[in-house]
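In the two complexes that follow, chain A is the common piece, with chain B as its partner first and chain C second.
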Partner chain A sequence: MSKIEKNIRELNKLQNLQQRSHWMNDLHPLGKLLLSVIYIFITVSFGKYSLAPLIIMAIYPIFGFIIGELSIKEGLYRMRLILPLVVFVGIFNPFFDRQVMFYIGGSGGQTGIPVTEGIISMVTLMLKGFYSVLSAYILIATTSIDDICYALRILHVPKQIVIVIMLIYRYFGVMAAEADRITTAYKLRAPKQNGIHYKAWGTLVGQWLLRSMDRAEDVYESMLLRGFKGDFIMKKQKTRPIDIIYPLIWTIAFIVIRHVLIRFL
Partner chain B sequence: MHTGVNGEVLKIENLSFSYEKKDQVLKDINLTAYSGESIGVIGANGIGKTTLMKLLVGLNTDFEGVLEVAGHPMNQKNIAHIREHIGYVFQDSDSQLFLSTIEDDVAFGPRNYGLSEEEVEKRVEEALAKVHITELRHKQTYKLSGGEKKLASIATILSMKPDIIIMDEPSIALDPRNRRNLIGILNEIDSLKIITSHDLDFILDTCERCVLLDEGRIIADGRSEKILMDKELLEAHGLELPLSAGCRYKQNIDNVQG
Partner chain C sequence: MHMADALVAPAVAGTMYVLSTGAATVSVKKVREENDPKKIPVMGVMGAFVFATQMLNFTIPGTGSSGHLCGGMMLSAMLGPYAGFLTMIGVLLVQCLLFADGGLLALGCNIWNMAFYGCFIGALLIWRPMMKKGASRVKIIAASIIGCVLTLQMGAFSVTLETLISGITELPFSVFVATMQPIHLAIGFVEGLITAAVLVFVYEARPELLWGIGESETVARKEAKLSLKNTIVVIAVLAALAGGIVSLFASAFPDGLEWSMEQVAGTAELEAEGGAYAVAEGIQEATSLLPDYAFKNSESAIGTSFSGIVGALVVVAILVGACYAFRFFKSKKSGVTAA
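What follows is the complex of A and B.
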């Protein structure tokens, strides 16, 4: 299986997750979107040495993965491109901020291992990034792109932006499928080559863009012929009590951790 | 049903079209079609079948002559209104199905035309039932087989209740069972159908009228049984007898010789 085909399969798997029958998937997308934004906002608002309350904030992604029946392994695999960036953030803090905060271990006159403020702030930054990525994953694993766009429209995000998001998502599949066809056709006629020879890159990329444009034009024409006038009309979703209660309870919990629990930790 | 003065749903008079001025793709096309008819448009590769179909749905309006759909002349002003009356089924179903699930795709047209959610729901149910894929309603489009995709594509059009359905090579890449199933479904649809295909047996099974195009002109327009049995006519314009007609033709010759 080619890399592109693998990526297409990954995308399809994510769509399967979004379409499965689960109460978290059925929640109103606006509530889920707002909850994710609030979670990320509160998480990043913790001070750089507030490690203990930040650890408690893990409750939301843990809940999301366990109750939402999401695989943490698959989640981390899908986020593999972003996670190294998260680890990289704050990696130089221990070198700049060397003030010792406390010692680990140490007895009988020995001082133990010093833990500097730089180490704490590095871990804090990493956790903030890690939690943000996980909460975004919980959102996209339980909410389709159509539903996210629907929620954005309720929030009065300009329709041009929402349509661009939707179309990028649509055309990504089209372009990936074309790229897969072209590279497969190339490999089948150049079996001894490892990858694509650099001399063929220009031609293949040109072909890929032209073909993708053709396909994209067909898709667009198909939309026009079914009355598309520059805006996706989406099905209105009814709001049930759980759609309000669920994000509300979590928001209260986040605020309690942020403003009340923090005093005791 | 919206029609012209004489009850025609589609009227084409002296229609000519060229992508570049010197090279005319379509020349003096004249065609009138009435509600309930089923017309097969046949011809060799590259003679302008798809171009003609795209003109009919207003994807190109730079033509000469008269083109009226449901009594409305085709022009930029009427185009949105005309498209409410026409459904176009693309050759490649992947171009037709662009939303996550079948349900969303079938509902896309009716929602765009501002129908109420109850009416959209009703139309989706009816359209899926007509092509016998009600059970696929919540299925994701990428999970469908080729045959299912074709039926779903037709459902996306039926939900708009068009007066005219245009289909570009509908039987392409279908296995015999799906092809047979599609023939049955098309024969149950009572809108005006215009079908382009190289599968002449398919045309014979679905269209009572046939139009033969060559070099951008209409060469013959008449009953399918007559045109599709005319070996000399078909061969003179780059086609061959349909397989079923070929068998009958051979049998007739054997009988005469016997």
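What follows is the complex of A and C.
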């Protein structure tokens, strides 16, 4: 399966998750967006040696994945893009920071296996990476892009940016399908080639670019015909008590772990 | 080059959000002033186009490997810096949410590293001045390559700074920079070539779609054309010269790691005693072509300059060798699999 097909399939899976009937999907998007940002903010604010309280921060992704009936495999698969840089940055910590923090095991005069500060800081870095990706997955698996855009408008993000995000999302599927057709056609004409030959770069992508520009004109005319006046009309969502209680309880829990529980660990 | 949330401290993330928001506010104001309602759908569709193009792999000539387009420079050349910047914000946010490429907290950093440099520096300081007196194939190729290389270098350097200021890695500054910059030099060059190929095609087919091209564009089009191959050769020579000239200004002061050692041990080069050390030192002295980045027994500036060029050539040679080795082992592996 090609990279494009994989991405289209991933997108379809996400759309199915976003459209399912689940109480977490029905929560107000603003609360879920803010909760995700607060969780990531508090998670990355832990010191590089604060491993124990950071392990407790796993309660949110664990809750989200189990209660939200999400696949942990899918969540971990999303790590593939950011993992190389995180690993590169963290992998050297054990070599440069060799101060021993504690020993594992050891009895009868033997000291056991030394655990250095570098190892701890590497593990905390990896955990922070995992948690942030998993919490973002919980958000996007239970909230559609339209709902996230609605939340962004409530936060006064300029409508130009929000409209562009919505259009990118809507046309990404169309464009990706077109890219897939182009790649398939190219592969059939030029088998066993690793990518597109440099002589075809300009004409192949250039033609596609011009077609996209023409398509943008058609899109604009269609939008005008449907009454577009510079902004998308979004249905205002009612706020229920649970929409406030859910993010509030989690935020209190995170603050307790960050400022109270940390003293006992 | 997408940064993950784990790599930034909240203070760094916040600062970069503020900076990116400032650039976005200016861009929104400028796009509003242009008062072109057609532009918003064009931005959306172009954003989706760039997003989809990133999934196409392009063969890198002579290496056997492939690369893909990033799009910041191309968006600016088509839409202008302000609309291009807003479109890149959209692309980065959708990437972050849909494919976990980047993070919500690190979004401010990613916008700055990838969209700000590509759109503002690339478009306003490179593309526009070069196209002011009319466009030509050569100018488009040169602007694309210089723009992509320079903006990617700036972005990679920002990633290094943001990560180090966040204090999450023990990696010394010099090691981090020495790893990040050369990789992104190669990536920037390939992206520049792809961007140039696409923009030259647009210029030949519909030049009115390109941003920032002067009135005398049609006159400039009639100028003597230089082939893509010749232009790349000219740019490669310029890069080699730049490497040589820039190395003349290389700092004589110790780098961060040496400075730290000097503070701790009182000397930048630690003395080691013992047979193994003596043997290793002998081998190193015998094999080092340019010790301390200059000719042996030479204090001249030419030595430093030469070492800059030789260093660049050695890096290129290693890169090409590594690529061929990669291709050789890959083909061997696929041959074994097929058998």
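The rule we apply is simple: the second predicted complex is superposed on the first by the 234 of 265 C-alpha atoms of A that agree within 3 Å, B and C clash if a C-alpha of one lies under 4 Å from a C-alpha of the other, contacts with A are read in each partner's own complex, and residues count from 1 in each chain.
Heads up, the rule we're going with is that contacts are C-beta pairs under 8 Å (C-beta built on N, C-alpha and C of every residue); 3 or more make two chains touch, one makes a residue touch a chain.
Everything numeric in this text was worked out from a predicted model, so none of it was measured.
*Asks:* Figure out whether A:Ile255 sits in contact with chain B (first) or chain C (second), or with both, or with neither.
*Replies:* So A:Ile255 meets neither chain B nor chain C here.
*Asks:* Check whether A:Asn12 is in contact with chain B, with chain C, with both or with neither, and answer first, second, both or neither.
*Replies:* A:Asn12 sits against chain B, while chain C stays out of touch.
*Asks:* So in the superposed three-chain picture, is A:Ile245 touching just chain B, just chain C, both, or none of them (first/second/both/neither)?
*Replies:* Neither: A:Ile245 stays clear of chain B and chain C.
*Asks:* Is A:Gly195 contacted by the first partner chain B, the second partner chain C, both or neither?
*Replies:* second
*Asks:* See if chain A has more residues touched by chain B or by chain C, and give me that chain.
*Replies:* C
*Asks:* After lining up the shared chain so the two structures overlap, which partner does A:Ser144 touch, if you call chain B first and chain C second: first, second, both or neither?
*Replies:* First partner only.
*Asks:* Quick check for you: in the superposed arrangement, does A:Gly118 touch first (chain B), second (chain C), both or neither?
*Replies:* A:Gly118: touches chain C, not chain B.
*Asks:* In the overlay, answer first, second, both or neither for which of chain B and chain C A:Arg215 touches.
*Replies:* Both: A:Arg215 reaches chain B and chain C.
*Asks:* Can A:Met223 be said to touch chain B (first), chain C (second), both, or neither?
*Replies:* both
*Asks:* Taking the superposition on A as described, I'd like to know which of chain B and chain C A:Leu155 touches: first, second, both or neither.
*Replies:* Neither partner.
*Asks:* Is there a shared patch on chain A that both chain B and chain C touch, and which residues make it up?
*Replies:* Correct list for chain A: 145, 170, 174, 215, 219, 223.
*Asks:* For chain B, which residues count as touching chain A in their complex?
*Replies:* 57, 59, 80, 83-84, 86-88, 90, 92, 94-96, 98-101, 104, 107-109, 111-114, 117, 120, 138, 140, 142, 156-157, 160
*Asks:* Spell out the part of chain A that touches chain B in their complex, as residue ranges.
*Replies:* 12, 15-16, 18-19, 144-146, 170, 173-174, 177, 215, 218-219, 221-229, 233-236
*Asks:* List the residues on chain C that touch chain A in their complex, please.
*Replies:* So the residues of chain C touching chain A come out as 2-10, 13, 24, 28, 31-32, 37-38, 40-49, 51-53, 55-61, 64-67, 69, 78, 86-87, 89-91, 93-94, 96-105, 163, 167-172, 175, 179, 193-194, 197-198, 200-202, 205-206, 209.
*Asks:* Can you list the chain A residues touching chain C in their complex?
*Replies:* 3-4, 7, 10-11, 14, 36-37, 40-41, 43-45, 48, 78-79, 81-82, 85-86, 88-90, 92-93, 95-97, 118, 121, 125-126, 128-129, 132-133, 136-137, 139-140, 145, 148, 158, 160-161, 163-172, 174-176, 178-179, 182-183, 193-198, 201-203, 205-210, 212-213, 215-217, 219-220, 223, 230
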